[in-house]
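Chains: A, B, C, D and E, in written order; residue numbering restarts at 1 for each.
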Amino acid sequence: MDNNYPLHDIDYGTPKSVSEKTVTLEIDGFEVTVPQGTSLMRAAVVAGTQIPKLCATDSLEPFGSCRLCLVEIEGRKGFPASCTTPAEAGMVVRTQTPHLAELRRGVMELYISDHPLDCLTCAANGDCELQDMAGVVGLRDVRYGYQGLNHLKDQADTSNPYFTYDPSKCIVCNRCVRACEETQGTFALTISGRGFESRVSASESQPFMDSECVSCGACVNVCPTATLMEKTVIEAGQPDHSVLTTCAYCGVGCGFKADMKGSEVVRMTPWKDGKANEGHACIKGRFAWGYATHKDRILKPMIRKHITDPWQEVSWETAINHAASEFRRIQAESGVDSIGGITSSRCTNEESYLVQKLVRAAFRNNNVDTCARVCHSPTGYGLGQTYGTSAGTQTFKSVEKPTSS
Amino acid sequence: MSVKIYVPRDSAALAVGADEVAQAIEQQATARGIAIDLVRNSSRGLLWLEPLVEVAVGGQRLAYGPVTPEAVESLFEAGFLTGKTHPLAVGPIEAHPYLKNQERLTFVRAGITDPLSLEDYQAHEGFAGLRAALALSPADIVQQILDSGLRGRGGAGFPAGIKWKTVLQTNADQKYVVVNADEGDSGTFADRMVMEGDPFMLIEGMIIAGIAVGATRGYVYIRSEYPDAIFVMEEAVRRATTGGFLGKNILGSGKAFHIVIRKAAGSYVCGEETALLESLEGKRGIVRAKPPLPAIVGLFGKPTVINNVLTLAAAPYILSHGPKVYADFGMGRSRGTLPFQLAGNIRHGGLVEKAFGVTARQLIEDFGGGTESGRPLRAVQIGGPLGAYLPDSLLDTPMDYEALAAKGGVLGHGGLVVFDDTVDMAEQARYAMEFCAIESCGKCTPCRIGSTRGEEVIQHIQAKPAEAGAHAKLLRDLCSTMVNGSLCAMGSMTPYPVLSALDHFPEDFNLTAETHKAA
Amino acid sequence: MNSMTAREAQAVEAALSRFQDEQGALLPLLHAVQDTLGYIPKQATPTIASAFNLSRAEVHGVITYYHHFRQTEPAQHKLALCQAEACQARGCRSLTEKAEAALGCNLGEHTKDNRWELEPVYCLGLCASGPAMELDGKLYARVTPERLESLIRKKELS
Amino acid sequence: MNAEHLIKMANDIGAFFEAMPNREQATKDVATHIRKFWEPRMQKSLMVYLSTHGDAGLKDIVRDALREFHPA
Amino acid sequence: MFASRLKRRLRAGARLIVVDPRSIDLVSSPHIKADYHLQLRPGTNVAVINALAHVIVTEGLLAQDFVDQRCDVEAFNVWREFVARPNNSPEALEVMTGVPAAKIREAARLYATGGNGAIYYGLGVTEHAQGSTMVIGIANLAMATGNIGREGVGVNPLRGQNNVQGSCDMGSFPHEYPGYRHVSDDATRTLFEKDWGLSLRKEPGLRIPNMFEAAMDGSFKGLYCQGEDIVQSDPDTQHVIAALETMECIVVQDLFLNETAKYAHVFLPGSSFLEKDGTFTNAERRISRVRKVMAPKAGLGDWEVTVALSNALGYPMHYNDPSEIMEEVARLTPTFAGVNYDKLDRLGSVQWPCNDEMPEGTPLMHIDHFVRGKGRFLITQYVPTDEKITPKFPLLLTTGRILSQYNVGAQTRRTDNVRFHEEDRLDIHPQDAEERGIHEDDWVGISSRAGDTVLRARVTERMQPGVVYTTFHFPESGANVITTDNSDWATNCPEYKVTAVQVVKVKHSSEWQENYRKFNETQLRLLKEKVVAGAVATVNGH
């Protein structure tokens, strides 16, 4: 299909800085200029280098917990985390040195010492950042063994109909907790306990369905492992291609990637560059798309004489000709104005346009209305009368504009 | 005229029966029909002598200690009220070499005054620093702190004046002064002694900082293990407010400052400044990534001076005596004095305030009198649970941030914990990892998982001598990951005691010279 | 969901009325509840969360983070023995063994009849006079095994 | 069409415009609104009803506005 | 979704005024606390907006410069005189609205002086007898305070359905061509007549409620209904059904046999959004592409069905692809002149107007001047709704939706979302519940002058005393059996938000529900017993 869109977007690690001022620095010998406030991690991506990372993702504020993204900066002691260190003019940064390699391997060795070794049968196989990073840092051995204290026996929570939470695979990167706070604003997740016992907890360490979770999927979206995972992907496996589209539920019009396996949807992922939603979504668009293949779908045209009659399944041609002849008959008997049409706010612009054209040009009257009648027709009237346009005045993003005028 | 008798109420005295002693003294006095004026002072820091009872006789304070309730009757019998001798007699306390040989700038009033008496405080130079500060511009106050060379006493040793300056120069509608009184290091108790023994000094230091940087609210974050300090500080804030030293109009200056005492809830990491701020905000006390610095984005997102108790407690002296007097003490970049705390297996445990530069050996032998057990000293842990264990051979190192660091040591909060030769250093190393595992906030991976693995690896070394070499290597690699990779000192310094034990006492780790070298 | 007992509700209400409007005062509130009841009832989490404009998750996260806070009723007597280095240097390890033997429960546990709980504590600030401990809120230093046994006996009789 | 409904709808329109200070303009606005939004059948039904039953139920402004509409 | 963005801004320090009869989550939820919750009585919106305007005018909080430069000053003066009248003061309206005057005053001051002020609203504004008046009142308020024409301000309806904006833009209203041009406008009509090759009518057509009226009258007998379930979603269900039952040919095009299809004579299978190419226009006028990820399951796309019907009716339509439909829209609609699929593919999306002047679209409207030229104030006399409480119907019912369900629920009820919202419930304040002996989970009968139904009760302090609430996601709930035929004076938008009702504890479902159950069983049986393809179709006309 020519509609294909990359399955995985580039992850810049930290959000874009909006500063108009720029700084120029050197990363691994390459000069790069970025807006002031840009993290070293993001600047590195701009310069063409992906610094290893697990807790950072560009939809969330930097957190600095995984310690894989450490770098060396000339003239500075230690190994600052590139996600939380802003780029400064004149900095000379190295993202790959033997010492950094050793450090990253050391951290990965710790991660894997408390992680199941079931990559091949894991639902995230092929789409797991932990797996990727183990490869990137060249982890070859876990000298701690696997007999130490661990969470491998933690039980998965499958209470949510759309995704599972498997704490045995959790690396406590806090991405889910932060997404629930920063992206969704529900604060349904936290970490319970501390130290080695730190565990992602829905509300009061409850099953997700009993918690404050509203199933928006933001946590699932940012999870770098198989800890929070769509059940559809667990069942069907990883998608093989992706098509950009727009959610058909509410008036926000979220951009989505339909992640496909052949002609089957396996996941709807909110599109990062969708301007209405910027990578976020709600339970409906994210998960409630199964109706499209529901057994209740009627796939053959049907006709009947009276509503007390059984339906007759017929060909498209028969059905359409029947409808047309009925309409013509009614118009002949009761006048041109005795029929009409209703367009749907659920259908596309093109479809709505055609239905109103059908009414005006083929029915030869203006008896066309839309279900917007029963919701927003006063908006159209009121704003039309006062401002001259029957529509909202701003972009959604406008709400994020600071208060001062 | 009634006789003035002093019985400390510092918790180190209370824990060994000071209240019972005070009660016994009152009973005896009543029974004998003697009028006494019993003052509950604080401790002077000669803790092996607590409860240390003092009697004011002829312009001197004569001390007896350690006094038990049972010994009180004999003290009366012996005529201690007129300074007569007794087996527990210590003599004129101020002449005691332990005290006489100190350089007390911060602990100048400790044990002398009634900690909660505003009159007593002011009679002993109290609030002189504040009055001096009120006559200065904020920038001038900050300059005096800079000139004094005062460095943060919490362990990191960052110049206090630079912090203050940053806060002063950051514009905000609200700024804060936060006192880090989460003194969780084993072997340290100087903060506690300041708060219990001279709380107005800390309050005065906070007000000075507030005026200097433009903050009107202050918080004191005190660990929940210090109930007495919390009680005394709360009472002191109440009294200082009533006395016009706190509130909307400090001493009629038109400047405002309010103090809230907050109790911690059992988290060592909350002694790290950003975790402390999280905790004050009512959150999980996990460490924030820096930048931004608390001086710019601190408590509730506002510019915040966050200093240790001893740091702020030094401010009144600097302001009242001038920065030069203070800076004249010390050595190198470590200016002024540090209240050292002698703890663990030591004969004369207590608080010794000395200028930087004194050696550990001087502290332990000259002041501390060697081990309490009388057995040979084997190791001293300096700077709390994240501090290195030093063997006897390194005890002549001067106590100065840089000089100690050069020897792999950490001055930290100035606590020295002495161990005799019965100590098992592998067990001490294991404990360091265990403590980290118990207290890790869980945010960063090297600390969260590394501490648990560290404990396991050391257990392995202890249990399987044959594999000690390979595991010692793994332990060193882990320590390197923790040192270089951790987000805060909890993870990055836990390896200090571990590695120092491994380096100086390999025999305790089942290592031979050969396997030790290989690891 | 179970609701709080009248006593619990009253304690939570009283604490809320003191701290609800103070910025960031979740810890003081939790302390106040625990100081009154000896623990923070699990059922109080939703009430506290809504009063503080927090989620239940956040309150839960805070309560479980701090070792001082507990959600179960404490034993009748609490003995906390310092386990930190300064007390180690002065024999806290053997003192702990004594306590475990005397009470019949391990460190970090409580007795079967819930009359005693034996907790570790990491530094009471009595490092020059260890081993130190806290028994039902009162501090003791230079504790000898004999002294510990006599204190336990005294509590048992009371 | 149900005349009662139509009268109510017309009066509701009248109620909005009658608050305007310029009565002449307001009356015109009522008429314009009906013309622009009511399908001819509705306009006609109302006019027929009024011509047979009288306009007692109408607001004054609506009555004035409807003068422009000629009964079918 | 939008709430997440809004809350982010609130957490960053923005202040919030909530006007809602219910204590919704936005009033108080983690890290969100409204500065003012104006908890008005349902149906008094216009009174509240007038009171807010009164405070702004009489306390000198107007953005006079903005008004002078940007608005029709004469109309403004009329408005100012109107809202300044004592009968529009918060104090005068306090008893009626139930909102303390002082709160209104403080909220008005905050909106007028708190820096950028933006208004976001949903159906609580529009679905009233005075829905249009309220929208005008909101528009007035934004102009009076200069909160229009730059980032961070504005008037923003939040649309319930994916393409509410688009279907209106596309000329779905009986009085308007695409681009909101009246059918009586000769120039526009001529344009379409030329393009479509025939003459067009200049009188407005029937609106949905008018269609029902005309059906009852016998003058409306055939309907082509694409993707809407009027039986479940329109008010006064029994009236709607009665109207449909009189009709001779109802053609329903949908994914499922929805409630309306149960009254239909022809069922044409529809396609889901996954099966179609096209565009949706969201609440911010953003036109985004919908892309086909699978072939239409029924063989034909929705647009192809409409084309086929038109062809069968003798008006031939020729399109090879939906992009050609958009080309026609662009050709005939000035605000869409610059829209085409290539551009949408390139930019991701564009916001109309998109034309030569604004080739990449218009994120922000009314920057230097209003689209109509000068902004026009209109006075907004408060007219109480006819739905008033009486001894027989002493409570006010207001209806709405819940996050996990979508409108009539035809889709979401067929997903696991039902586990988040298994049934429609009646929310009732503890005081009202106690008076009636109602406890949580009890079955309660709700009756209005339109009809009655039975739901289970949820006793909650989110409600104010005297007001009850339910959702309408499940057909068997019959929420719209209760709602009346009252509607907005200007547009006939139904007054879903105010219905006088009584609520009593009951043991059985309502008569309507019993009838519905039987009817539904019959219809499902008729579907099951359908004569399958291959059999001879012998449906003849009348």
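Here, a residue touches a chain if its C-beta (ideal position, glycine included) is under 8 Å from a C-beta of that chain, and two chains touch if they have at least 3 such contacts.
This is a predicted model, so every value here is computed, not measured.
The minimum number of touch steps separating chain B from chain C is 1.
Distance from per-chain Cα centroids to the pooled protein Cα centroid is smallest for A. Set against one another, A-C and A-E show the most C-beta pairs in contact at A-E.
The most distant chain from chain D is B, comparing centres defined as mean Cα coordinates.
Work out the mean CA point of chain D and of chain E, and you get 26 Å between them.
Centroids of chain C and chain E (each the mean of its C-alpha atoms) stand 56 Å apart. Centres computed as Cα averages put chain A at a distance of 52 Å from chain D. Chain contacts: chain A has residues 186-187, 190-191, 193-194, 212, 337, 366-367 touching two or more partner chains.
Counting partners per residue, chain C has 54-55, 58, 61, 65 as the residues that reach two or more other chains.
Chain contacts: chain B has residues 267, 284, 286, 438-439, 441 touching two or more partner chains.
Chain C meets chain A in the complex at residues 42, 45, 54-58, 60-61, 64-65. Chain D meets chain E in the complex at residues 1-2, 5, 9, 12-13, 15-16, 18-21, 33, 35-42, 45. Across the complex, chain C is touched by residues 186-194, 201-205, 211-212 of chain A. The part of chain C that touches chain B in the complex is made up of residues 23-28, 30-31, 52, 58, 61-62, 65-69, 84-90, 121-130, 132, 134, 137, 139-142. Taken in their complex, chain B has these residues touching chain C: 11-12, 14-16, 47-48, 50, 183-189, 192, 224-228, 262-268, 279-286, 300, 341-346, 349-350, 372, 381, 385, 415, 417-420, 423, 428, 431, 435, 438-439, 441.
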